[in-house]
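Per-chain numbering from 1; labels A, B, C, D and E assigned in written order.
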Amino acid sequence: MTEWLLDGLLVFTLLMTASATLVSRDLFRAVVLFIAFGLVMAACWVRLDAPNIALAEAAIGAGLSGVLFLDAVSQLRRGQTRKRSASADQSPEAGT
Amino acid sequence: MKAWFATFVVLAVCVAFTGLLAVTVWDIAQTPALVQLPAMVAEKLSESGVKNPVTAVLLNFRSYDTLLEIGVLVIAAMTGISMARTPTLEDPELRTSNELLFALQRWFVPLMLMVAGYLLWAGSDRPGGAFQAGAVLAAAGVLMRLGARPMNFLRPGILLRLGLVLGFAVFLVVALASAFAGEAFLDYPEGWTKVLIVTIEAVLTLSIGMVLLALFVAGPVNEYGEEDDPV
Amino acid sequence: MTTWLMAGLLFTPLAWAAITLLLSFRNGRWVSWLGMLVQVLVSVGVWLLVVDRGEFYHGLGGWDAPLGIELRVDGLAIIFVLLTATVATACGWHAGMYLDSDKPWQKHFWPLFWFLWAALNSVWLSGDLFNLYVGLEVITLTAVGLVAVGGQADALRAALRYLLVALVGSMAYLLGVALVYGEFGVLSLAVVRELQAENGVGMTLPLALMLGGLAVKSALFPMHGWLPPAHGVAKSPVSGLMSGLVVKASFYIAARLWLELGHEAGSLALAQVLGVLGSAAVVWGSWLALRQKKLKQVVAYSSVAQIGYLFLLFPLTLSVSEAVSLQAQQGVTLQVVSHALAKGAMFLAAGNLILSVRSGEVDALAGVGRFLPFSLFSFGLAGVSLMGLPPSGGFAAKWLLLQASLASGQWWWALVLLAGGLLSALYVFRIYQASFVQDSDLDEFYHPPRSLELVPMILALLALGLGLVVDPMLTLLGRPFGEGSVP
Amino acid sequence: MSAHLLYAFGGVVLCGMGLGGFILLSHLLRKLLAFNIMGSGIFLILVGLAQHGGGAEPGMDPVPQALVLTGIVVAVSATALALVLIRRYYYLTGQTVLESSAESGRRNNDDDPGSRKDGAL
Amino acid sequence: MSLPSLLPLFALLTSLVASVVIFSLPEKSYRLQTTVNLVAALLKMGLVAFMAWGVFHDTEYRIGFTVMPGVEFLLKADALSMIFAGLSAVLWFLTTLYAVGYLEHSPNRSRFFGFFSLCVASTMGIALAGNLFTFFLFYEMLTLSTYPLIVHRGTAQALRAGRTYIFYTLTGGAVLLLGVAWMHGLAGGLEFGQAGQLGETDPALWDSLRIVFVILIAGLGVKAALFPLHGWLPQAMVAPAPVSALLHAVAVVKAGAFGIVRVVFDLYGTEFTHELGLLEPLGWLAAFTILFGSVRALMQSDLKRRLAYSTISQISYIILGLTLLGPIGTAGGLVHLLHQGMMKITLFFCAGNYAETLGVHRIDELDGAGRRMPGTSVAFTIGAFGMIGAPPLAGFITKWTLGTGALAADMGWVIGVLLISSLLNAAYFLPIIHRLWFRKAPNAWPEEQSWGRFETKALLLWPPVVTAVITVLFGLLAAMQFSPLSWAELIASKEFWS
């Protein structure tokens, strides 16, 4: 029974973090929630007798994707864009 | 108003889709699968050369999948690098003289390298493997990037590309060698299986770590004086 | 021998990719040209093998299905392998001369090109549902990479849109695979078909999911919006590869799935819906092609329309007689082949024309006819195949599909085929017409090197003459999406 | 019903949520998050459903686990590639959505609702 | 595969190869292009003459291969195909000569002559096609190869005409394709020349066969300019004169008519068509088109437009002949394939000469042109009288045979149609002849060019004179063994007494 409770709780947490990620107004928060989601996923994988995936999920899914997302968000926050207008980039194919 | 309606429709469709999917999953779950693959895997595990069945599937039974999968990684990394226009993928702005980070780096990077090594070594018998190890390796790299350690090997020059391609190339070479020795490509000759798989895993770890790190740092923001693209 | 030929198809392109990754564009070019020669020889070798030995299965790594990944080498797969060898060689050859080797990022072209070739071959041959997924993903990512290389804003926009749509399509496919594995416990398509026939299990939702995902990736109306920007903005040789081969990969898998599993799991409604969407693509794609201002956009929208025809396969092969089904399969295969050749020719020729008049607009072609450019001629010949006029492969395809739709009593598809031909004539002739305009002040015209112009011409002639040599090809096809037995 | 099936149903809900999010959210990073959630859902279904056993003995099945490992790597590669593209796109245009104001992608296909629909996708 | 069986292929290849060679030659090497063109044309005439001789002595030339399962590409020389092939070969030679003169010093000649040869290759293919599939192949090739000729000048008007032309003909082609494919599904790939083979089909199929017949005629009727599908023809007049000449005499219009002949005569068979109840409606349609074309011709003031409407009317004589159930009427229709070609090409050559030499396009500008250009005007007069049906010219033979055929088939109303039509013909041709010879010339022509000793360039003068002479000979020698009439009677008799 406790196992069922544990599993149910895990799935519930999983769904909660996922929905929170999707509806979060703040992008940074969303990404943090996504990392949390990845960690819960890793826990789920352990419960599913899949320690290999759990490791990979923690390292790659949550860890690496999370860091990549965080880095991207920080760029968006800093507002790093090129100064000149974007339209200069539209190019015909000629000569390339 | 219209936007709300569209949102509503999409949500309704998604709920319906979820329901339909749930019913199908329930339906499928009622009967056992017609073929029991795990039994076959267990039966052939001794021939695969490793004790971890997942590793056996990944690197022996379905090694072609894995080869292509590493291809995916290399492709992503390559495209990422092609976006960068700078001589180095590093961002000096990020380099801090933060004492704490520096200390962290000093203590953690060796630790992480050890963890990566363990994961790699364990992979053949217990949970773990090249991908997990590679990810840890990449994480160590990220930490180094945040610290003060310059990472010259991340110049998008030949060294980086060599690193990217190394694991992939070794995999291919092993495939070729096994074909000379045995019956088919990726059909490891008897007795060599474990050695070859561990070799592949080791180079893969290095390569994967490098790919992931490159993808992380190849963010195309860090450009200084980018030339105006002449068309 | 078989092992080496299979490896030649699947692993050698990966080796070329690894080598070219380390080289500059110029050096990579030489390696790649050599590689193309090797790949063509290998492809022909496999063809001869199949002619000699018939269809067969080949377990990779010495592991047969269901434990390992099994290749299925049959007539249809060989046709696609040869088609890939032809179109990829043409585009690669063209690219080697066409792309600007001074741009530092061009060096990424060759490895991506070779990854693409490897993945295409793997998709044509693989008989494993999950391996097909991985192959598809390799194709998607390389295609996105090829579009994005260079990193201009409009290229990025197109690449991103393409990537996102394609990823969702792959997800739908993977979901279907997950359900199939849950039901059957295997991934080998051939085994699944056998189990399904024995046990009569209906798998409508998984099949629909997989087909839906693949349809999105093949730019079926109304999910076609990603295709024209991606194909239009890419460099011409890349566009040729994309329209000629990449889009076909997902359709190929859909067709295989349908013909293996459709009898049990498919439904009449699903088939008709796919047919109707295909027809809508024919009409709508042609109409939009007519309205484009840019030459390459015209060609790209035309792809949307031409791919629409392919989806007539679904209604024309469900609950019809064996003969009609075979006719439809032959027609669709021919349509794929002739479209790949013609579209390759068209994009390459369009690239040359753009190079000549230094503008991508259709109107800029005014007066070009006066200079009798070779590329315009190639473009025109390829257009004949698109319009489905004899003796092109497009015509033969249309003929077979017409026969199939009339014989199956589904005459409405016949109307779509005829109307589609006329609509495509509208946009093709718009370009012809533009080139005939006499009163233009065009007095400067750059003639690209003949070798650059020769490639599209060869492709166009192949597309044009295909209709006359259909019989040998269909013989090779035999029972295209065959009933080959599992060893 | 074993616990594994519970995870499969969790995966089903994740799929639905991911799909909805992917369609409704316009910010590219959010779309990408939704895509990852959808992917996780599918992986859960793949393993959960297979290991549930359906009346037979539930137990560990290495094949779907290997598939999921491959799937995770593919997904993370795609995510990373998308992020690189998004960041450069943002750097050049200052935009975080695909479909947008004047100068963005629809110069050539103003009258194509199909393209608009996908833009929203 | 013996050499004789390759002859049809060679006949086709002469112009096809010529076309490829011309395309690949640079614009500068004009003389070489002309030489290639003329050599190929002569070669083709020789081949066709040789085949005609063989066909007369019951040799069969056929060559084919399987394209798709059940579908064959078949070239075959039979008596009917020789009529069309002969016409095409002779007129190609003459028109090439004429075009060489006409296009001297104008741009894009390489393109023009390339497509010109391609166009002739298509008509040769249409003539030699041994089944409906092969016919359709070349029929569409003809559409494509004539488009560049029509828009050759590249003016807005030419482009518009090209658009109309393509719209009509490709739609017609699509309809035809539907018919061909359907027919193939119903009865398999039927070979031409075995009339009545459809009569043995299951009567349950007859309803479908009726629909297919209507579809086929509708598809072919576009090129044959049957009312109401004729709209493109008058517009296509913007093309250079040699193109118009070829279009009206052999290529496009005639291809449509020839296709109808093949369908009615060879595929369904006249008697079976009658049995299906389709022959009479077709006759009425043809009769109406004859009268309609003539009336519209009367209303034109532009010379080439008047000739164009006249074509619409004249082509339907061929179809009318077919619908007269019996050998005589059929022979009348078939012989008009040749007669109309000769007479119409004469008229168009002459119209081209007036335009090129004097700058005259409108009929009311022709006053007194007979004195200025006697050779051309004599040729024109002969052509016009032939059209009206004055004895002893070719047109008279047609109308006489048709009339006899109508009486034999007990279809008296056709005589009335013929009479009214001849009156109308006279009404729109006689005023032109009157102007040519009996009106005073103006002080200055719109754009006169002087050519020294002759009234115009020699290359422009001789082709119409030659065709005019042939028109006379066709009429005078109609009773001879090798005359078109005897040939047509031979074909018709095979149909009805075999």
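Here are a few things to note about the model shown:
Definition applied: contacts are C-beta pairs under 8 Å (C-beta built on N, C-alpha and C of every residue); 3 or more make two chains touch, one makes a residue touch a chain.
Because the structure is a prediction, the values reported are computed rather than measured.
Counting hops only between chains that touch, chain B reaches chain D in a minimum of 1. For the pairs A-D and B-C, the larger set of C-beta contacts lies at B-C. Chain centres computed from CA atoms place E at the largest separation from chain B. The chain occupying the central position, as judged from C-alpha centroids, is C.
When chain centres are defined as mean Cα coordinates, E lies farthest from chain C.
Chain centres here are Cα means. That of chain B falls 72 Å from that of chain E. Chain E has its Cα centroid 43 Å from the Cα centroid of chain C.
With centres taken as mean Cα positions, chain C sits 34 Å from chain A. Residue positions of chain C with contacts to 2 or more other chains are 130, 134, 137, 141, 144-145, 148, 150-154, 175, 179, 181-182, 185. Within chain E, no positions touching two or more other chains are listed.
Residue positions of chain B touching 2 or more other chains: 21, 25, 28-29, 31, 33, 36-37, 41, 54, 62, 65, 69, 72, 75-76, 79, 83, 129, 131, 212, 215-216, 219-221, 229, 231.
Per the touch definition, chain D reaches chain B in the complex via residues 1, 5, 8-9, 12-13, 15-17, 19-20, 23-24, 45, 49-50, 52-56, 59-63, 65-67, 69-70, 72-74, 76-78, 80-81, 83-85, 87-88, 91. Those residues of chain E lying in contact with chain C across their complex are 23, 27, 65-69, 71, 73, 107-108, 110-111, 136-137, 140-141, 143-144, 147-148, 151-155, 159, 162-163, 166, 170-171, 173-175, 177-178, 181-182, 184-185.
If you check the complex, the residues on chain B that touch chain A are 52, 54-55, 119, 127-129, 131-132, 135-136, 138-139, 142, 212, 215-216, 219, 221, 226, 228-229, 231. Remark: chain A residues 51-52, 54-56, 59-60, 63-64, 67-68, 71-72, 75, 80, 82, 88-89, 91-92, 94-96 touch chain B in the complex.
The touching residues of chain C, when paired with chain E in their complex, are 330, 367, 369-370, 372, 377, 384, 387, 389-391, 395-396, 398-400, 402-403, 406-407, 414, 418-419, 421-422, 425, 429, 432-433, 436-439, 467-468, 470-471, 474.
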